[in-house]
Amino acid sequence: MQRIGVFICWCGSNIAATVDVERVAEIMKSEPGVVYSANYQYMCSENGQQLIKQAIKEHNLTGIVVGACSPRMHEATFRKAAEAAGLNPYMVEIANIREHCSWIHKDMEEATEKAVVLVRTAIAKVKLNAPLTAGESPVVKRALVIGGGIAGIQAALDIADAGFEVDIVEKNATIGGRMAQLDKTFPTLDCSACILTPKMVDCAQHEKIDILSYSEIEDVKGFVGNFSVTIRKKARYVDETKCTGCKICMEKCPSKKGLNTFNMGLNTRPAIHIPFAQAIPNVAVIDPEQCIKLKTGKCGICQKFCGVGAIDYEQKDTFIERQYGAIVVATGFKPISLESFNEYGYDDNKDVITSLELERLMNAAGPTNGVLLRPSDGEHPKVITFIQCVGSRDTSGCGKPYCSKVCCMYTAKHAMLIREKYPDTEVHVFYIDVRTPGKNYDEFFRRAVEQYGVDYIKGMVGKVYNENGKLMVQGSNLIDNEQVTIESDLVVLAAAIEPEPSVRKIATLLTASIDTNNFLTESHAKLRPVESPTAGVYLAGMCQGPKDIPETVSQASACAAKVIGLLVKDKLKTNPCVATPDEMMCNGCSQCANVCAYGAITYIDKEFRLGGGKTEVRRVASVNPAVCQGCGACTVTCPSGAMDLKGFSSKQIMSEVEAICKK
Amino acid sequence: MKISYYPGCTLKTKAKDLDVTARLCAKALGVEMEEIENWQCCGAVYPMATDEIATKLSAVRALDHAKHNGGKLLTLCSACHNVIKRTNEDMKTNDDIRFRANNYLQLDEPYGGEAEVLHYLEMLKTVVGFDNIKKAVVNPVKRKIGAYYGCLLLRPSGVMAFDNPENPTIIEDFIRAIGGTPVIYPFRNECCGAYVSLKNSDLPKQKSKKVLMSAKEKGAEEIITACPLCLYNLQVNGEGTLPVKYFTELLAEALGVQV
Amino acid sequence: MTKEEYVETINRISGTDVRKCMKCGKCSGRCPAFKDMDIKPHQFVSLLVKGDVDALLESKAIWHCLSCMACVERCPRGVAPAAVVEAVRDTVVRMQGNNGVKAEDIPPVVDELIPQQLLVSAYRKYNK
Amino acid sequence: MKDVEMKMLERAKALLGSGEVARVIGWKKGEFYFDPVPASFESVEELSDFVYNGFCGANLSKYLIQMSKKEGKTAIFLKPCDSYSFNQLVKEHRIVRENIHVIAIECQGKLDIEKIKAQGVSAVTEVEEDGDTVKVSSLYGETTLNKEDILLVKCATCKSKTHQAKDEEIVLHEMPESKNNRFDEVEKLEAMTETERFAFWKLQLQKCIRCNACRNVCPACSCIKCVFDNPASGIAAKANDSEFEEKLFHIIRAFHVAGRCTDCGECSRVCPQNIPLHLLNRKFIKDIDGLYGEYQAGETAEGKTPLTSYTEGDKEPNDVVDGEAK
Amino acid sequence: MQEVTTEKKEFVPNIVAFCCNWCSYAGADLAGSSRLSYPANVKIIRVPCSCRVNPSFILKAYQQGADGVILCGCHPGDCHYVTGNYYARRRMSLLFSFLNYMGIEKERTRVEWVSAAEGQRFSAVMNDFVKTVTALGENRKLTDLRVKEGE
């Protein structure tokens, strides 16, 4: 005989203000099978859990229902409590009377009535629950970091320092990412390369780290603790093991007109090139679109001059398959395309540039060797106007609805650096709001205004146009209620940032969820900010949301801590809510295996006893519980109903349906 | 082919040149513009107020006529195009306006935005094709020409869907097709201010001078437009900075069509 | 009409949601008639949010707005300041004796080049 | 057809006689000429009852599930339409292909005794098919009937006269394809109003007596234990106990065979209440063709069914009506 | 059949919503934590994935007196189980078309894809669905009348 206990939580006033919790608990007392029903202010608290444990023991409960917040919140908590009291943790069901009831309904009568139905539904289900035991699966002690920017580098170093093998997969020819392109970093103004390149070198020299540059993720199989990843190493037409990075090939290459993407296309580079001086690996790569030999078959000059014979025009993409226990996604960002913002004249005027382009123009290793010269004529710009929020906070459909977070600070940095280096330059900044939350951030911005005399104009720019060789920036000055036009030599646009587009494919392969802006979704905005909802996948840096370098590095280290926590385990508990076939009913028809995304179903020939001492060998399905993820696709495909899902059995769901429909 | 054509008030009076040259050129390019019967003035300005119905009805009548006569309605005057296209969008997407307009008009079958409003330039681009125009040119217009779009053709871009509102190209493509060199200048999509010229003569003057100066600075030798109001304003208030013509006049010149 | 009714009317006939405004001023940064407007495009929006009907109804800017839609086109939040201007103007001209174009405004001998549409639109826009 | 029967008998004798096969599945004489019954012959002697005539409409393939488990090879006579069911059973691992010898036989469409009776002819003793007409002999004399009028429902809209599986073939005459479109009736229903359709199906399904004949004859309904007999399924029910039950039964049955049903038409043929059950299955076939591309279950013995495959651009359920998206 | 005469009350439909654990159920949670209301007559059953929903669950709901059934899952391409919702989509497409063929109101059953981030959408979808089902009125065609009389 079932002995069910019901526990109704007030959640302070979160539930109790709209649901008459005492009445719900009272009603449940007379439900068939219920032997105990109570209500308490905070069931999830130590005392609340104690109450549950005590009741389980005192009343010999065979199953419990907790009417509380979403199971996504505290199911694990209550399962643990039940287990501590000697009840199988899977004999616990949650009735979500907060998110699905008290928080969305105002009328107490209505909400209470619904809460009663929801609790009854959970009782109906729990009566059919069966004790389940979690299985175990092994953990591969190796991590994969996707993306070799500062986020990926930091995560990899931290994981490797803990003694685990790490592979960094970077789609570009070098690690370093966006940070390698920056000149100085706020709010301390230290040189970006000076703090990043030592970390890059650490990665290269770390015995536990393997850098797979110029490589992409091709396929992902498996699950937490045991991912199997196929990596495509793109042909770079240079043997990595032989190239010494002497750069003679770059000098000799006759095809020198390729856009230098590292310098944001502000200058050119040869077809064979090393992206920048401190590249890791310091190995050349050939752009096949630009290489004369690869396009026409004629040339081969680099091969002739290469002293170590590293050039290999025949190189093909290769595929590596490796096993990992955990995966960190750190795919980073890019500035948005400005094609929907022609009012700022980016396409028509060379001297309208983005902030990232300005970084390269200011960088000592950049196209102008760090001298600020305007792209159109190489002159020193005397009046520079910055425009903030280009495409950020834009709900019109042209841009992004979110705040890009870093622009206010880097614009202050740029303005300050320009005034510092070229005091005769006039600097204006059009802004909507200046957002500077962060340690020493507002102080930094105020220095730009107070110490460096940067002119901040509250208002947006309506139009940038070229007149008599000057860039006319026409915008609002809302403080003075004026329309102003500033004759400028250079206009810098703080373009909104967006996740690197390749993240979509990676998210699909990992079955990690992605939001409407293509940012990867974290498992919980506050409490699990670096975990993807997909177990074993962690998120670092801009791929999860706009953030600056300090935040990115913190998040990367947090990821590393999570990964280390996973990799130190030898085995993982697996979800016991998996599919199981009733072999007596299985036809062996193979329909279920056809829909299994994990390959968890195989078929075996099994001997069955018939009546009268006879036996029969039949083909029946067999589910690998370590591989099954418990989606249930097979259960519906199975025509005989032989396949069922533990924890979500057909009978359980049917009983829930009945409980809800009963009027 | 035949297309229903809505000329509008000004093209029958002060802007006859636009109407006449457009028809002749279309004919030369194999398109017959069939003026719809009993058209009424579109009102010359789109009423934005959501409760304005009566002022949109003449546009709806013209649209309904086009719906039953080939489905396309050709316009030429920028103002008519703006009014009719935006009214058509209302009839398509605004339940309230559609209901009330139909209630008023009592057509045999309610009108729900089925017709397609096509500007003469769009017709040249999509129906005739600029490549075909290029082939038909006998007298290439070898001049540096500035396109003046003004406001009505382009905005609001969500509804007009005419071209990129900040960086339009259709008139420039047209100029290339007739053998000219387009001059791109920043004020080609700025309003010339003509609408307020009865109340305020200063603003239209300033604005038209600004437009023409901007074009002249970038090397334009003449300006073309599709709007009679802009043409008037730029000619009268532009103080002769540059000659201003209808684009169809240049088309006629290029095609060798005798007016 | 009470003040609240005016606010309601202007909001309704403008068909735009002024609360979406984030006060960036891009509309006024783009407006070609900015200098002639006593109340600027962004102020039409903020005054309506505030409910300052008197200031709106007394504004002279309603006769200077070019209806060129530049402000509407570029608003990053999908607000239409020009529609607010028109809603205020309509509210004004619908009151008796407030026609914006009077017979005496039309020159006795109309400039012979003036296109019809200018006269038609002036009457449509500024008169009841 | 006599020559075909002779040839079949000859082959059956040879196969059994040589020991090449342990049994032959075919038809044997029933009580009357017009009710031959499926039978398994295990010796040459037993073949004395062997028959193949215009009334051998039954689809024999389902018998293989049990028969092919027995010792030795099984030979079976399959008409073109039966060969689809055969392939589907192989695909679902219900039968082992290697243990079966398929003899593909000629079929000119099988006859419906009820329809003949409806034409006023009873006590039929023999029929002789001759192109578009059939000479029917009865105790009361001879009549010539139009073949089109007396074909089984499933044969009137025959989907194909091509065998999809065979080890040998006995086809002595040309088998012309049916000119009728099998989806006509489905389309007629689709064209009705919702209320009319509901009335149609209510009228039809309330005739159901839950005898399970449709389920028992259906080669796709080959489960060891049917969900309707399985208490764990939550829908088990032995008999109709409400107006809804029979709808539930027929909807779920149709859904379970969707993508697997070869449209052999046996369900309608055996229904004692003459419910046009094939119109349920054909609806799924038509919708699948329209939404996911032409698919004929049983055409091959390999590959996934439409319900165990997908494309990223599949239509949305809310938009789908009658095999296309609104 | 017996007509039960009761006082004419405003019809409040009974609606069963099947929500996949990863997207839609989380979307419903988000609707809750954002306080975006929808009618109380929508009751949610948590399933791991939309592909767990057997057509027989839906028919059972109707049999037991539900007036509408809605199935919510992750957006196609975003399924936590990679492909589950693709199978659900095909199954439901065929089932819906089939119910329509049987003369049963098509609008009573619906599929919506709601992500974990779409609390707003979840609430909007439910409000709209309740409106649709209320307009359709009580589910008569698929209800087992006997179940109600037994009360």
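Labels for the chains are A, B, C, D and E, by order of writing; each one numbers its residues from 1.
One rule holds in what follows: contacts are C-beta pairs under 8 Å (C-beta built on N, C-alpha and C of every residue); 3 or more make two chains touch, one makes a residue touch a chain.
The shown structure was predicted, so the numbers you read here are calculated from the model rather than taken from an experiment.
Peer 1: Chains touching chain B and chain C alike, please list them.
Peer 2: Of all the chains present, those in contact with both chain B and chain C are A.
Peer 1: Suppose chain centres are the mean of their C-alpha atoms. Which chain sits farthest from chain C?
Peer 2: It is D.
Peer 1: Can you name the chain that lies farthest from chain B, using the mean of each chain's Cα atoms as its centre?
Peer 2: D
Peer 1: Could you work out how far the Cα centre of chain C sits from that of chain D, in whole Å?
Peer 2: Between these chains, centre-to-centre, one finds 75 Å.
Peer 1: Could you tell me the distance, in whole angstrom, between the mean C-alpha positions of chain A and chain E?
Peer 2: 31
Peer 1: State, to the nearest whole Å, the distance from the C-alpha centre of chain C to the C-alpha centre of chain E.
Peer 2: Each chain reduced to its C-alpha mean, chain C and chain E end up 48 Å apart.
Peer 1: So the centre of each chain is just the mean of its C-alpha atoms; given that, what is the distance between chain B and chain D in Å?
Peer 2: 67
Peer 1: Check each residue of chain B and list the ones that touch at least two other chains.
Peer 2: 165
Peer 1: Mark out which residues of chain C touch at least two other chains, giving numbers and ranges.
Peer 2: Within chain C, the residues that touch at least two other chains are 70.
Peer 1: Where in chain D do residues touch at least two different other chains?
Peer 2: 227, 233-235, 307-308
Peer 1: Which chains touch, pair by pair?
Peer 2: A-B, A-C, A-D, A-E, B-C, D-E
Peer 1: Would you mind writing out the residues of chain B in touch with chain A in their complex?
Peer 2: 164-167, 184, 186-187, 214, 217
Peer 1: Would you pull the chain C residues touching chain A in the complex into a rising list?
Peer 2: Per the touch definition, chain C meets chain A at residues 20, 22-31, 34-35, 40, 42-43, 70, 74-78.
Peer 1: Considering the complex alone, what residue numbers of chain A touch chain D?
Peer 2: Against chain D, chain A makes touches at 582, 584-591, 594-595, 603, 616, 619, 637, 639-642, 644, 649-651, 653-655.
Peer 1: Which chain A residues qualify as touching chain C in the complex?
Peer 2: Per the touch definition, chain A meets chain C at residues 343, 389, 393-399, 432, 458-463, 474-476, 478, 481, 483.
Peer 1: So in the complex, the part of chain D that touches chain A is made up of which residues?
Peer 2: Within the complex, chain D contacts chain A at residues 69, 91-94, 222-227, 230, 232-235, 256-257, 260, 304-305, 307-309.
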